[in-house]
Amino acid sequence: MSKRDFLTPIGITLGFIMVMFGILTNAGLDGVTSFMQVSSVVIVLGGLAAALLVNFNFNEIKLTFRVSKEAFKKNDMNVHELIQLFVRLSERARREGLLALEAELEDVEDPYIKKGVLLAVDGIEPDVINDILSAEITALEERHYRGRTIIEKAGEYAPAWGMIGTLIGLVLMLQSLTDPETLGPKMAVALLTTLYGTLLANLVFLPMAGKLANKTDQEIFAKQIIIEGVIGVQSGQNPKILEEKLSAFLSEEDKLRVEASEKQEAEQVKEAANEA
Amino acid sequence: MSKRDFLTPIGITLGFIMVMFGILTNAGLDGVTSFMQVSSVVIVLGGLAAALLVNFNFNEIKLTFRVSKEAFKKNDMNVHELIQLFVRLSERARREGLLALEAELEDVEDPYIKKGVLLAVDGIEPDVINDILSAEITALEERHYRGRTIIEKAGEYAPAWGMIGTLIGLVLMLQSLTDPETLGPKMAVALLTTLYGTLLANLVFLPMAGKLANKTDQEIFAKQIIIEGVIGVQSGQNPKILEEKLSAFLSEEDKLRVEASEKQEAEQVKEAANEA
Amino acid sequence: MSKRDFLTPIGITLGFIMVMFGILTNAGLDGVTSFMQVSSVVIVLGGLAAALLVNFNFNEIKLTFRVSKEAFKKNDMNVHELIQLFVRLSERARREGLLALEAELEDVEDPYIKKGVLLAVDGIEPDVINDILSAEITALEERHYRGRTIIEKAGEYAPAWGMIGTLIGLVLMLQSLTDPETLGPKMAVALLTTLYGTLLANLVFLPMAGKLANKTDQEIFAKQIIIEGVIGVQSGQNPKILEEKLSAFLSEEDKLRVEASEKQEAEQVKEAANEA
Amino acid sequence: MSKRDFLTPIGITLGFIMVMFGILTNAGLDGVTSFMQVSSVVIVLGGLAAALLVNFNFNEIKLTFRVSKEAFKKNDMNVHELIQLFVRLSERARREGLLALEAELEDVEDPYIKKGVLLAVDGIEPDVINDILSAEITALEERHYRGRTIIEKAGEYAPAWGMIGTLIGLVLMLQSLTDPETLGPKMAVALLTTLYGTLLANLVFLPMAGKLANKTDQEIFAKQIIIEGVIGVQSGQNPKILEEKLSAFLSEEDKLRVEASEKQEAEQVKEAANEA
Amino acid sequence: MSKRDFLTPIGITLGFIMVMFGILTNAGLDGVTSFMQVSSVVIVLGGLAAALLVNFNFNEIKLTFRVSKEAFKKNDMNVHELIQLFVRLSERARREGLLALEAELEDVEDPYIKKGVLLAVDGIEPDVINDILSAEITALEERHYRGRTIIEKAGEYAPAWGMIGTLIGLVLMLQSLTDPETLGPKMAVALLTTLYGTLLANLVFLPMAGKLANKTDQEIFAKQIIIEGVIGVQSGQNPKILEEKLSAFLSEEDKLRVEASEKQEAEQVKEAANEA
């Protein structure tokens, strides 16, 4: 959802503002230029790219871009709506049989729910449905993991290459100690790569990998509810019990909110009835 | 419970007192002001916020506040009382049937116990009850984990941003080595962000995340006893065996204390009987 | 057992002797006093206490003392004797029935074995016995873990607070660089907190947490043999097979020693018979 | 496949180019020679070899070379083709019996698929087939792990030996402080071993170990699909359901691409038919 | 096997040669003596011993010596020979019954195989055999783990005590800054303990713990094949299928080698037959 797309660039921008702020309050605008060292940027990014090229193959690198986009764009599933959907499906299946569910699927966009219900409609056994849907969760986990892992590794290699850049700078500086006036600026430049590496890791790579991991967890959580729901619907479970079972995945607060909104709806229905 | 609410602020206050003490004994009151650098605070907190914004979405950030409150306010369950409750329920269920348990529920406040017993009263099968109650544990674990994870990440990013602040300060300082008199104070200021970051991590974030993790463990522990109890009650298990089974969760000391207090009660009953 | 009580204080004393030795060989007796800085001790211990207060609640802090004592005082179970006990119980149970085992229990001190055998005598089913005894292992593991975890966390926070103390000292020192003569001693004092923190962690907290973890492992190991034994006895397993099964937990060396001592005993019996 | 063979040397070369670039932009060609210290190279590589000799035995060291080659040369399995193969096998097996599959095996090169299908043709039970094929996965995992583990350990020991070299250099430098002019160059040389160690770890060993781990994951993933497929074929599963089951391992994108290419093929067939 | 005994001392010797080389190429023979500081050695080894005494009890310390010897001396099992043995046993058992296997055991030295086959000969049920043999694996794992864990902990405490020694030296040095000429040598001495600690950890303790862990893995791997084999023999499994099952544990290369040598043998047999 779009909310998510915003937070990542906002965070990264805020991070850079903080760095600017730190420089400006101490050294004014002149200070900023001294923090822009093209060669230091090249070493850190180039070295990072080198390590990632050794660590991954082309397919995995392509996958990263796809997984990143997939993860930052996709909607939250609303757990409460999911539960209502399966309660509705379960009631209809008990009244009119499993075949009637096909009509219900028209409004459902999620391909995973669609697939699960179609398998149920086709009369596939619950165990096989569970196998198929679980295999998709495993594949999704594996795929997300592989896409995320490059970003995590980038968060590991970036500070290391920052340090390599600093070591190169220090060695060069120490070899020409005879000129003590340039000592400070040279060491300052040497430290820049460490700053770049640390910044990249702690503002971009590690937090992004963290967000991707959270997204994966949430998708899997929703998909597990869907599996429970599909199997409950297919085995003709009592809709009340199915609702109870799926509601266990809601938190206390969610439940209170749901109850409150249901009461409100009920009242609106009553009012509407009264008015009529 | 309130005891818990106290320890966290007491600990944090004590930590700041220690820092003050360290400054005052070495440099007197004048030293304190030099440790207050608004710009350093802004860099560490701003950078930390930036990293967290990249790492989490709005729902998770909201969840943190809710989980934190939930965790610091909730009561310990008393394991011994829990066991007595289920022994009582199990005896009544064997005497008067499962339906009679509904009356017992009036005094029970805990919604989890209530739900479990109501499921048993409704005649739901043990396996399904186990599924439903276990799913709630999983959801609670997942929710607490997600709420806690931000605080843990804050404990990771805070020292990193402290280091970023120090690197910025060092680079600036090294570029103007020509003025050796300001060298010391400039480096002192540079080190402040590292101090802030380390202090935040080791006094606030990491210990708070630790406490939340402990709380989660204890809640899950209690909920597992409740599942055992509900299923024992529903399957009409012998109350003695149920007590034995649940008592296994008590420690030796707890058991000795329980026995001692039971003996005392028995004696008081006897005395009362004698007096009567 | 007492052997264990000795090693911990011996180790800690030896550690301090090593530190003393390091100071004395380099700076003589005068050096020692300069390593005693009350304010540095206060910062490290106070900060450590602050972090632990935030991280734990009163019950857990009390538990630490109890678990520590429990762990340092308790006896090793002798695996060989355990096996002999269960072989004896199993033989008697096959000859005279499970009820006859009650008489055997008089010499057994361990409450866990007692409980297990009494459950068998009471005719509880093996599955239930296994559940009850395993739940106690889980509870013991949980309890020990919670008690140990504070000591482990102390081992993490101590060096961090040592570093915080050093950072405070460094900032103060750098602010008064104008007085170069006091530079060295001030930095020396600043480093003391790091020394204290590292020493506490690597001589006291981490090794003690390690010992507690080892103790827990050993207790669980013994308790698992007891479960196997009790269930074997109750299900009327052949004593020979039971012995074979339990002996699998012995190491090769243990077995050789056991065989050697059994042969010796057999010879002594023979000799005694010859003499008679 | 050859694609993979390229990326590793390209990455390593790029890494060295970055280091060169860092030196050249700061110190010109003269700087480069000062980074070539044979004795520093000898210490890091020799010490690393020493640690690995202590850590591993000859068989494991030989295994490393074999596993590395195996991993960098082997082809990706195309998951889509795998699925098509098993659908074809399953259709033929249902039409003509399991014995007919032997003819299909002529085009199959992969020894793992061959073995699995031959076991099915021989009429071995599904459980036994699963045992045998899974044992091979376990053995492959174990073998790859052992081969990879040396490279991982090299990534741990290399920076440690870099630090040991630097410590030796620092001690030597500090002992002859009387000659302040050589101070800088000596310290520069001392830092070189740290640079070498960090570079080796973060450009060569850790990324290579990462690539090997990815390769192992992918091979196991493919082999698990094969097990599912073989067992599906042998138990005479409906080819449609088998395809559904195996397709769960494909990602959404893969599926779209597959559908697109199938539609295209279908059209080409139609066009061909029209033309005819 | 003896090959293993060699690699460890060779590695440790090579490591010390590297250190010597580093000193000699930079400072000649005079440099070496300055690296021998008895008091520094005493602090690191004494402090390490102190931490280990706190962390372990006498039994565990004794166990370390036993496990170390056991691990460095024991033979590799040849997986191919193991498989041949069980195929032979399985053929004989099907021809002549399980009792005939006792004769085959005379050539078998390994006590674990002996025990397993004797249990099969005694007619113990497969489940019980599996329990007994698996319990021995668990006990072996536990025992090796406990013995190895001291060496691992030594690898953790050694650098920490090296740092403690360096901190003591630094504090002493900083307190007498008035004498700038001794500054360098004093700091050199202070750094020596860090050098000792790092060297001990990365040349001796960590690699040795790594080798012990590898050894344990290999023994468990072989013992798991033995369990499979014994149970296959006892349940009268077809020797061909048993061979197939056990061969899954071989790598592709092992299999090719085995096939090649079998072909060669077959040819030799044929030649011999022709000659005859």
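So that you can tell them apart, the chains are marked A, B, C, D and E in the order they are listed, and the count of residues begins at 1 in each.
As a working rule, a residue touches a chain if its C-beta (ideal position, glycine included) is under 8 Å from a C-beta of that chain, and two chains touch if they have at least 3 such contacts.
None of the values given here were measured: they were computed from a predicted structure.
K.L.:
Which chains are in contact with both chain C and chain D?
P.N.:
E
K.L.:
Cα superposition of chain A onto chain C: how big is the rotation, rounded to the nearest 5°?
P.N.:
It is a rotation of 145 degrees, to the nearest 5.
K.L.:
What's the distance between the Cα centroids of chain B and chain D, rounded to whole Å?
P.N.:
Chain centroid spacing, chain B to chain D, equals 42 Å.
K.L.:
Hey, how far is the Cα centre of chain A from the one of chain D, in Å?
P.N.:
26
K.L.:
At which residue positions does chain B touch at least two other chains?
P.N.:
If we look for residues of chain B contacting two or more partner chains, we find none.
K.L.:
Among line, ring, star, complete and other, which best matches the way these chains touch?
P.N.:
Contact pattern: a closed ring, each chain touching exactly two others.
K.L.:
List the ring in order: which chains come, beginning at chain A and going next to chain B?
P.N.:
If we begin at chain A and move next to chain B, the sequence is A, B, C, E, D.
K.L.:
Once bound in the complex, which stretches of chain E touch chain C?
P.N.:
The contact residues of chain E facing chain C are 39, 42-43, 46-47, 49-60, 66, 111, 119, 124, 128, 131-133, 135-136, 138-140, 142-143, 146, 149, 153, 156-157, 160-161, 163-165, 167-178, 189.
K.L.:
Could you pull out which chain B residues touch chain C in their complex?
P.N.:
Where chain B meets chain C, its residues are 3-4, 7-8, 10-15, 17-19, 21-23, 25-27, 31, 34-35, 76, 181, 183-185, 187-188, 191-192, 194-195, 198-199, 201-204, 206-208, 210-211, 214, 217, 221, 241, 244-245, 248-253.
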